[in-house]
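Going by the order they are written in, the chains are A, B, C, D and E; count residues from 1 in each one.
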Amino acid sequence: MSLSALLPPITLMTSLLAAVLIFATPEHRSGLRTTINLTAALIKLLLVAIMVWGVFQGVDYHLTFTMLPGVAFTLKADALSVMFAGLSAILWLLTTVYAVGYLEDSPNRSRFFGFFSLCVASTMGIALAGNLFTFLLFYEMLTLATYPLVVHRGTVEALRAGRTYILYTLTGGAVLLVAIAWLHGLVGDLPFRQGGHFQQAASDLETPLTLIFVLLIAGLGVKAAIFPLHGWLPQAMVAPAPVSALLHAVAVVKAGAFGIVRVVYDIYGIESVAALGLLEPLAWLAAFTILYGSVRALSQADLKRRLAFSTISQVSYIILGISLFGPIGTAGGLVHLLHQGIMKITLFFCAGNYAETLGIHRVDELDGAGRRMPGTSIAFTIGAFGMIGTPPLAGFITKWTIASGAIAANMHWAIAVLLLSSILNAAYFLPVVQRLWFREAVNDWPHERFWGRLETSAWLFWPPLITALMTIMVGVLASMPFSPLSWAELIAAREYLP
Amino acid sequence: MITAWLMAGLLFTPLAWAVLCLLLDFSRGRLVSCLGITVQVLVSLGLWVAVAREGGFLYGLGGWEAPLGIELRVDGLAVTFILLTAIVAGACGLHASVYLAPDNAWYRYFWPLFWFLWAGLNGVWLGGDLFNLYVGLELLSLSAVGLVALGGGINALRASLRYLLAALLGSMAYLLGVALMYGQFGTLSIAGIASLLPETQALVGPGMAMALMLSGLALKTALFPLHGWLPPAHGIAKSPVSALLSALVVKASFYIAARLWLEFGHELGSTAVAQLIGGLGGAAVIWGSWLACRQSQLKQVVAYSSVAQIGYLFLLFPLTFAVSDTASLQAQQGMTLQVVSHALAKAAMFLAAGNLILATGSHQVAGLAGVSHFLPFSLFSFGLAGVSLMGMPPSGGFAAKWMLLQASLASGQWWWIVVLVAGSLLSAAYVFRIYQASFVAKTGVDDFYHPPGSLEVIPLLLALMSLGLALVAEPLLSVMALSLETGGAP
Amino acid sequence: MMPVLVPAAVLLPLLFPALALVPDSGRIMRYGLPLLPLPALTVALLSGPGWTLELPYLLNGGVWLLDELRRVFLLLTACLWTTAGLYAAGYLHGEHLRRFCAFWGLTLAGNLGLIMAGDIASFYSFFALMTFAAYGLVVHEGSPQALRAGRIYLVMAVLGEMALLAGLIFSASEAQSGMLQDLPPAIAEAEHRDLILGLLITGFGVKAGLPLLHFWLPLAHPVAPTPASAVLSGAMIKAGLLGWLLTLPLAETALPQWGTVMIMAGALASIGAALIGVCQQQAKAVLAYSSISQMGLITIMLGVALADPERAPVIIPVIGLYALHHGLAKGSLFLSAGLSIPAHKQERWLMWALITLPGLALAGLPFTSGAVAKLAMKEALAPEALELGPRALLAPLISAGAIATLLLVLRYLWVLHKHTRTAPNHRAVLMGWLATVLISLLGFWLMPWNLANAPGFLPSPYELWKLGWPMLTALVLAWMVSRSAPGTPSVPAGDGIVLIERLASSIGTGVLRAPTRPRMTRGQKPSYMNLFGRLREILEAKERQFRQGMGLTMLLLVLLLSLL
Amino acid sequence: MTPSLLYAFAGAGLCGIGMFGFIQLRHLLRKLLAFNLIGSGTFLVLVGLAQHGQGPDAVPQALVLTGIVVSIAATALAIVLIRRYFHLSGHTSLEADDSDSGQGGAE
Amino acid sequence: MKRILAVTLPLLASMALVLLLGASLWSIAGSQTPVNLPELLAGKMNESGVNHPVTAVLLNFRSYDTLLEIAVLVIAGITGISMARTASLEDPELRTSDSLLYALQRWFIPLMLLLAGYLLWAGADRPGGAFQAGAVLAGCGVLMRLGGIPLGFLRPGLLLRVGLGLGFAVFLLVAVLSAMAGEAFLAYPPGMTKPLIITIETVLTFSIAMVLLALFVSAPVNDAGAPGEDDS
């Protein structure tokens, strides 16, 4: 067993091991815990970086062993996996830093960080899964690892949210299980493969394949918060900010979207999905979700809930992108996977900062907060503009690419959807930004805390700024080698030119 | 030769320790039993390895061969269950040795009963003789009843009486079936009957016998709607005892039923019977899970969960009858995985529940508020076991469900998928109900009793085993699939 | 030199937002304001047109370049921002200083960058940056009016950006290229040509103040700080114009319908804006309408260029010239709106003269930039050179436009006169204003607005009359109006938007603030809950029966199994 | 129809009677007796059925002996439990106060 | 209606059971058993070490059954004494003061002991054996107990427990010793069969009697509750 086979499991283990160690760490040893956390996150980042380089060079990271009769447990790193893995590795590091600051002096930190690492381990597993079965494994693990984070506060709302969350995700997981089992029974164990497996779908399999596809999308759509399966997401907002950030930016919703990407490209193959006539409905569904999420976000007074509905809308961009037949749309969808993650995590970090530093939860309490917390507010502004799709930020690159893909795929209505959604994005983000900067501060914040020189704790201050900087950089330097866009284009090229 | 020693050790140890412990009080019995558990685990492991290496064999007790004497059937499945028993029972024993208060006089009788129970289990796993299985079942039932009743109050007595009556009725029905079988075939060996069946013309008698035996065993396994005795008994017993009962004892009677079905089912079964039993199993899944959601007491939740989980096992019947060999094999594998994973998970769950009850001093689910803050460790094992019950990957429960799903798909009996999915969702509902209760924020100080570390570690280990079962399912299944090698008897 | 200076031209202003994070940096920033556009100014002045700078990692592959047209715009922008920056350094007072400077820097960077951008993505990025950052300038004062103006600005800007984005994406896909220069030919050939054109014209039209897209202008200008209004009206409006020039297929194919539409729109703007403008009560609102009116004239030129590809190469430089002239003059006028009039009589006269001169230049006063621009325009739109439906209308339109221009200037002076305060001016304010006026009056002649057969500095007598009569007409009109109707009718700034706002708010209260759904009160469970509870009871009773009737159940099972 | 078979049929009858009693009776001791009746019936079937063909058969006789011991053990155990239950609760049947224990065991 | 149904349904069901059983019996009786076990048994009798086939089956061919059967008995005994809450065996309430009983005791007890011995001895070649002997012995004990004769060894204690387990332990030891000698579990070493069986029978008799007696004696009388997990 060579190193190239071991690298994926080792990467997985870093956070798994971290989780175990953190669970074992006594509650009061926060220094030790932080050290474990950060060390693991850094090591993971390093390992993922190595894999990114390796995948670029064409190294085959692949580990497989039979788990159940006819079912293999497969870990492998291809271009798509390292993309997602890279995203989670980077954002894990930042979120960990952030969470350390956010949860300072709050109870149950070992539990929190333990499950947090577990969550990341699952995400990593989702990224590195080499077939649907392995994917399912980590997908469900993610569900479970997230629950304690959602209900972390233990309040009535948190518990209710946890219940909703679990209801949705487990049902989705069950549907997914059925679909995967069915597919497995039909055609056996399918590893993820560029171009998919059903280029020439046998005509007698058409009906079951269509049904399975619908089930798969329904199962994955719960996490990806596709309408009407999105109900858990806004409720899950009661979780602490780092969790919301993680849920929305990296782990949960992206897991769903990533799964859909895998199903469409690496299981079915985009051609066969198109041939089955499933691409267009998927695109319509995504489009509707985009608009629905945006419209709902408009009327949310709670900042995090607004962000949550925004997520519902934004994640469907990914779906929309991948359901546009053609390499450009694909690249757009994939790049949004990364970009949206970076932008949304920025916004959630900021929302958390407002909550933690000033005790602000509602949009209308934000008046003038920009003056009190300029760094955070700048990050928020950048994130918001990124979401709107203002150039040259990350969101612009995405929208541009997806829209170009829509034209290439001759689906012009998608552009209308994109534009309408951008307008709606602006409509719910700009008022927030406006309040931040241009309203007079009441100077009477609900729960102000002082941290000395910086506007807030340094642990809280830097992560959003870094991600905001990333939001700018991935947009501005979109054509650089190894940038998300070029990476997504690489994947798309491989997908369409077998 | 080594297998002969191992077999002798396997049969001898539990019985001998039972007598030995009878002579000692609880504390000394504890020491002795720990030694015995070690021996037994090692022997079981050795036997498992031996069978995994060289294949199974028949073991004629007293040197007598089948029709006249009693032959034990030492195949892959049997030794796997023996190993499972060793692990689970060993864990429960160790847990009990700390959990039970040594100053209660009647607990001295715990150890003998415990060891007899173990002996009965081994007897059932290995048994190849219908009547011998009856005796083994009785050994099991009576020791189980004894354990439930041990030192109990009115409710414990009521539960154990109910349990005893059910067990006796079940045994008697089974014995009646055995009588008919013997009358028809003149032999008691399962293998012998199976080989004679295809040539038999008149199937009325054997059919009736099969019906009697299956019903009796269903009663002892607590198949819906015959499950009434189980929740009170399992809920009221001491936690290590509940763990033993739920994890292993009910499986024994199911194991016999499954063996009978697989051996005789082709001739004596019918689609209607298969579907009826499967339907009852499906109903059990839904019914048990639903009631588990409704219970206010922690252990009742776990007990009803057993009712539900047992239901899954009975899906074996329709999924192996008149289907392709692949589907049948998948169903059998699913069933064995379900037995193993449920045994591990349920034992872990009951032990953890015991810890939680010990810690909170309350039997109520609502009493768990704040537990996740002050006692995360105890809760953790409970949670992990719950994960397996829900059938979440990579637990054994998941592997089992996966195989059953595959089997349903391969046999075209898609309706069982509905049962499987609904069951796992419902089980998630009751498991998360408990999590949720434990996450309720409780202000104030830590006024919980903190159980000693050894109590906490045991369920955790069991839960972890159950959780990781799917990862080693393939090698495990390959051992389980080992059938008998002819002439392997020593 | 160039690879350093060009990025520096954009990056230097971008430093400001970062600097704003440092506490107590307000002073440095304040006096840094005029320095920000200097690298860009250097580029515009020193480098010849024709250089290209490739930035392959930028966005979809960035190319920055400077050609003749861009150079004119860059020069205008850099000059105006420099002087306005100087003005601002004096004008600003402590409150929210850093915030203002940050947005100033951002807007500036966008404005400069979009001019130099050669690829679509950079262009659009800088355009958007400018658009959104300018919001910060508009609402700087924080008054309710400012916030309202800002809101309207933002709504329209977002709509415009989206139209623009769509148009650019469409055309870029048609062109299969990310370069701006590839767009016009591709659009000319495009399948969805009309859609693309409509989107682009609308998108840029918001910035350029096209009628019905102009609402934000008269609202934003009065409330914005004076230097911001100056750059808003002088430089940023021109960005929309530049966008048109760069993307529309002006010299590619004849688009008579679109040309006519643009001419009509321009005519409507130039005259309608004047009519509304003279009814304004605020000096800067008058100027805003004047800008709309002037942009209307330019739109007419553009329309002609659209309709007549032969003529386009002649017209485009004229548009550039006109833009330069208007930008500088309008900048001066706006800056003058913030002045206080010195008490000293001679100084006062001098000041009024200097305030008036750019206004007259705007109206085409001989020996000013306005004269050159007006004449060049008349030349370019000479009916005999055109092959166009409404060509006969053009001359009267232009004349009417000229009359309107002067009327507006007079109105501005009148309003300004009524509202002036007597106070000493901050030195920087004065310098900034003076510099603008001087550049407008004198510097203009030194600028590289290379125009083939440009009208000379000294107009011929015939041309003098051509320039003169509309002005005289306007003066007469103004005199008559001021005599006959002392109370001018007042039209709210932003005209049409007021109606729209009212409509929107009535709809909004109807839709968005619909009464919340009546919530279920506790304890009053719906009937299906009762049903559920009943079912639950039944099932639980069954469970007890199962427990008690075990024997019977078992017996029945036996029977069932054996019978089956 | 040999006498042995007659025993077997009698056993079947006993089983039926016992079964009815087991279902119908509430008193625990009676229930236990009914169970013993079933047991006896079963033993009769076991012995009678096996011996009707080839004459005396030692194996079923031995089985019945074993079965009797087991059932005696069980009966004795049941009686002990019943007596203790009766002493503690004063009830002679399980259903007497079953309704309150529907949810389980806490007292 | 419901009440009627509650009676008739079990009645009908039981009758159906009888009918079905009868039908099966009839069907089974009509066919020849394919395996003739008695013949096999007869063929192996000389290896069994005893002359009576039932004893041979019980203690040799199917001795595992018997071993477990004794275990069941021991379990019952254990559970029985675990329930015991009797403070004193000489509780006057337990004594029956009946002259007839005394008379019977005087005559019967020696007779019964004799009978038990005979049964045990006879088991080798005709009906009889350990269980029968043990049962008689236990009956003897019951009589003595009822008559108020203090049977001290029945007091819950080591002696009682040794008594309970003794027979089983010996049986087990024999079983494992042969296994240690290389035979199968429960196989008797050649030549030792008869003495071993007799030994086992003898101790078993005592143990069986002990168990039955203990179960009789230890039936609980007072309501001394036991605080436990379930009572909180």
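Details
Assume contacts are C-beta pairs under 8 Å (C-beta built on N, C-alpha and C of every residue); 3 or more make two chains touch, one makes a residue touch a chain.
What you see is a predicted model, and the numbers here were worked out from it, not measured in a lab.
Both chain A and chain D are touched by B, C.
When chain centres are taken as C-alpha averages, the shortest distance to the whole-protein C-alpha average belongs to A.
Inter-chain contacts peak for the pair B-E, counting C-beta pairs in contact.
A centroid comparison over C-alpha atoms places C as the chain most distant from chain E. The distance from the centre of chain A to the centre of chain B, each centre being the mean of the chain's C-alpha atoms, comes to 42 Å. Chain C and chain D have CA centres that are 98 Å apart. Centre-to-centre separation of chain B and chain D, using mean CA positions: 26 Å.
If you average the CA atoms of chain A and of chain E, the two centres end up 70 Å from each other.
For chain C, the set of residues that touch two or more other chains comprises 540, 543, 547-549, 551-552, 555, 558-559, 562.
Residues of chain E in contact with at least two other chains: 10, 13-14, 17, 20-21, 25, 28-29, 33, 36-37, 41, 62, 65, 69, 72, 75-76, 79, 83, 225, 230-232.
Interfaces, counted as pairs of touching chains, are A-B, A-C, B-C, B-D, B-E, C-D, C-E, D-E. In the complex of the two chains, the chain D residues touching chain E come out as 5, 8-9, 12-13, 15-17, 19-20, 23-24, 45, 49-50, 52-59, 61-63, 65-66, 68-70, 72-74, 76-77, 79-81, 83-84, 87-88, 105-107. The touching residues of chain A, counted against chain B in their complex, run 23, 65-71, 73, 107-108, 110-111, 136-138, 140-141, 143-144, 147-148, 151-155, 158-159, 162-163, 166, 170-171, 173-175, 177-178, 181-182, 184-186. The touching residues of chain D, counted against chain C in their complex, run 19, 22-23, 94-95, 98-99, 102. Residues of chain C touching chain D in their complex: 540, 543-544, 547-549, 551-552, 555.
Interface residues of chain B, counted against chain C in their complex, comprise 162, 165-166, 169-170, 173, 207-208, 210-212, 214-216, 218-219, 224-229, 232, 270, 272-273, 276-277, 287, 290-291, 294.
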